[in-house]
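Next come two complexes built around chain A: one with chain B, the other with chain C.
Up next is the complex of A and B:
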């Protein structure tokens, strides 16, 4: 048999990273993951905007339209959904034992993780693009020019990165794809609806306002609304006091996740 | 290539998980072109040994070299030299068989066209062409195992670890894997396989290492091991069970005292050690026909590996014991 003829070439780290990334991305096009990702953003836009538009719009919104107000939240939910897919995928790999197999190959220990994070960012980019496209349809626009739009996207991808790392670690640790995905829906629901992304702070009951005002999604919504700008000028200004807390939450999530991730990957993979 | 003549050299490795000693002072070697079976019940330490040798787990004590490279200090080189097939098939179930093979080729440094050609070749050799474009998730157990092993052969390994390669397989797939192990041997690859099946260890390996409770209880060829549990014996069954005592008398000095003592009133046969094989049998026959004892059967018997295992460990091979393996401790 010719099964044993080839000699060992020297593998390149970049090639390995790309191959491992491609293996995660290729199936998303045919197993419906991309289609579902697109559908989720479109559906979220429609099912939030259509029923809430008339209810929420009003002079106290202080913005030109509810669309302009709502789209940052839609972008963030697309990112959250991407992180759930990432966690699901990480749990699947972990339980199928392919991580261990990669470990017995001449692959640097961080390469598979780097590939999974790259694939996660790819999901985030799709989510972001679709959410922005859907937002455009209902009337969302960037009012502060290209640079601020770029920072809007970068901040979104940065929180996407933090959530991807968190999702990947959770999934790798749990080894239970279905349960992981279900548990992750919970924070998405709570933080999504109890945030200033749905309606301004003053419309929430007084007792819950401190929570709503300071939780991470709200802080990110403030920052994204500021970066997108508005024709009516009712958005927060782009200042450190607005962008800073959003960045702090993002960095904070990473800072908490990283040491835990190191422990999980050392043991598990 | 390594400077060492041996594929695997293990010197006194040990591994503990918490207070459990999974491995205690294990030493053995596997030469190039040699197939060695690690035989033992569940929880004996087989998988932990393979995991240490394939760099997935670090030994707490001792040293091990694989293809001439130290498994701790030179893990990267070990990984470039080995193929590992674990107890559970580890493939990307979302990808097709073909895509898995291309992926593993590319991961090990093949250029894309090379990896594709290689994948096609391997699919043909492993009789999987018909399933090449189907997701691995839809494969049967035997097919998965074949792709799993094929993925390990995309580039030529110097040392192959097969951890219970035939567990849960149908007889045809098991046969295919047995044949594959023979080709490893012909190709000069050092192969270490673990198994719970005695007949598998007997059929495939040049040498058997019997492991139990994390220590080696015996090693040698199947023949050596059988010899160690008393070797060949002659089993004599009289037509009338009542003749057993008379039969024992008739054998006289041929029957050692301990064999005589082993007889009970319920015995229906006599087991006679036969160090000289057929000559002992001929001598026994001569004595018995002189004493005019009618026989139902007389035959030379060799102990089975099951007998060997029972004698060495005090346990039947099938008896599972709950002892944590490496993967389970962290659950």
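Up next is the complex of A and C:
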């Protein structure tokens, strides 16, 4: 009888992470999550490009086409949507009590978080691939070769990681899917529209230019536009002065979120 | 025993006084109570205020800053006469998602089933949601309108037109809420909230309130011109700055009535199902 109490399992952290990740990813094809992710990316492309192409295109873009100018913003919108889904999922998990259940089991306290972040990256990859495919259709091309295209994707996924961490922490903390759901829509549009991804800086009213120029989306758009390149040559070369601020914003978001996430996630609910 | 026997007698007497469960009187009074409950819940959660007030206002300002000058230059009239209606409509739609999540939450924590088992008029549950939604729609529309007025939006067609202007987003919002609630009752997975987002975004961006119709590619112009949000924006533009009203107004009402009629039966059946089974 003592054998029963002695054979306490020593679960491997990696295996637990994989099981919890599979729990989130496996049902996505069936429950429509992948379909919705694809639809959101396509909708983001269509809803920005089709109405704005004739309105925004002009010689002062200094780009070969508005598609080439716009796609970095579309990619970022797709990534943002993926992260807000993560927040919504985290809030649902939190309110349904499965987090509390995990805390009562021999699972390291950050393993469920790691699993949800992995699932978030999976959503980001779907969003990125679909947005790039849709961008290809409207005329977006990588002009600087394979390596820069790879860096373009890596930078995008890094932002996705930062936003997923932020979204997950917000969702877990709020424990309120209804309130989180509302964040799906308007904030992204506001941040996206007030960035240089939609039109060049000089077309904004003068008083708001410093804000537009320095906000994170704009900085990321500058970096992504440079990495994608252009046939017309109006894009700045890839230098640290272009990539640096984008990286700094991304790392900054993570640096602020990570300690907060640990506090939120360790708290007994 | 005597006490227990007394209970149904008192209950019956009270029921006599208040009217039976199916009477119009109890429908009205119970709807009022339940509407109050829903409104109180929204008022007490600070996020509702953010969503009903802050986000639409911020979005209206964004549209003004980003596209205002370009649109005004093209059309020759203040872009606000398009963007204020657009944001009013958008705010009504984006707020409906809270209701979608709410009705599903109440379904799963058993509140709907509990209400079904009480002597409450069968129509009170859904009518109270309609009532609370209408209050929210009027409030949000007035907030957007107030912001527009502060930016320079004016009514040039008199008081009657202004009242009609406010009524359009409310009518449209009720029709959209019917769609959203029906979807929520049948598709209970959390993805459905996300699934509504592309619909809202495409509706708002393929709309005459976003960009004038002749700026769209030719093949998509008919869609832009005749989709309900464009027609509603056109009617509201006519009611404020002037222009054709009757035709877009009638088309908008037909759209809304049709949407509401299509959703009505599935909505009633779905609500009954949600109340009687988990």
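Assume the second predicted complex is superposed on the first by the 254 of 269 C-alpha atoms of A that agree within 3 Å, B and C clash if a C-alpha of one lies under 4 Å from a C-alpha of the other, contacts with A are read in each partner's own complex, and residues count from 1 in each chain.
Here, a contact is a pair of C-beta atoms (placed from the backbone, for glycine too) under 8 Å apart; a residue touches a chain by one contact, two chains touch by 3 or more.
This one's a predicted model, so the numbers in the text were calculated from it and none came from an experiment.
Engineer: After lining up the shared chain so the two structures overlap, which partner does A:31 touch, if you call chain B first and chain C second: first, second, both or neither?
Structural biologist: both
Engineer: Now for A:110: first (chain B), second (chain C), both, or neither, which partner does it touch?
Structural biologist: In the superposition, A:110 touches no partner, neither chain B nor chain C.
Engineer: So in the superposed three-chain picture, is A:54 touching just chain B, just chain C, both, or none of them (first/second/both/neither)?
Structural biologist: In the superposed model, A:54 contacts chain C only, not chain B.
Engineer: Looking only at contacts as defined up top, I'd like to know whether chain B or chain C touches more of chain A.
Structural biologist: On the superposition, C touches more of the residues of chain A.
Engineer: In the overlaid three-chain picture, which partner chain does A:43 touch, first (chain B) or second (chain C), both, or neither?
Structural biologist: So A:43 only meets chain C here.
Engineer: Looking at A:199 after the superposition, I want to know if it touches chain B, chain C, both of them or none. Which is it: first, second, both, neither?
Structural biologist: second
Engineer: Considering only touches as defined above, state whether A:137 meets chain B (first), chain C (second), both or neither.
Structural biologist: neither
Engineer: Looking at A:15 after the superposition, I want to know if it touches chain B, chain C, both of them or none. Which is it: first, second, both, neither?
Structural biologist: Only chain B is touched by A:15; chain C is not.
Engineer: Classify the contacts of A:190 with the two partner chains as first (chain B alone), second (chain C alone), both, or neither.
Structural biologist: second
Engineer: Which residues form the common part of the chain A surface touched by chain B and by chain C?
Structural biologist: Residues common to the chain A contacts of chain C and of chain B are 31, 92, listed in rising order.
Engineer: Note which residues of chain A are touching chain C in the complex, please.
Structural biologist: Residues 31-33, 36, 39-40, 42-44, 46-48, 50-56, 81, 85, 88-89, 92, 176-179, 181-182, 184-187, 189-190, 193-194, 198-199, 203-205, 208.
Engineer: Help me check something: in the complex, which residues belonging to chain C touch chain A?
Structural biologist: 45, 47-48, 50-51, 55-56, 58-59, 62-63, 65-67, 69-71, 74, 90, 94-95, 97-98, 100-102, 105, 189-191, 193-195, 197-198, 200-202, 204-206, 210-211, 215-217, 220
Engineer: Please name which positions on chain B make contact with chain A in the complex.
Structural biologist: Residues in contact with chain A: 54-56, 76, 79-82, 84, 86, 88-95, 99, 103-104, 106-110, 114, 118, 121-122, 125, 150, 153-156, 180, 183-184, 187, 189, 330.
Engineer: Applying the document's contact rule, which stretches of chain A touch chain B when the two form their complex?
Structural biologist: My answer: residues 1-12, 15-16, 19-20, 23, 26-27, 31, 92, 96-98, 100-107, 267-268.
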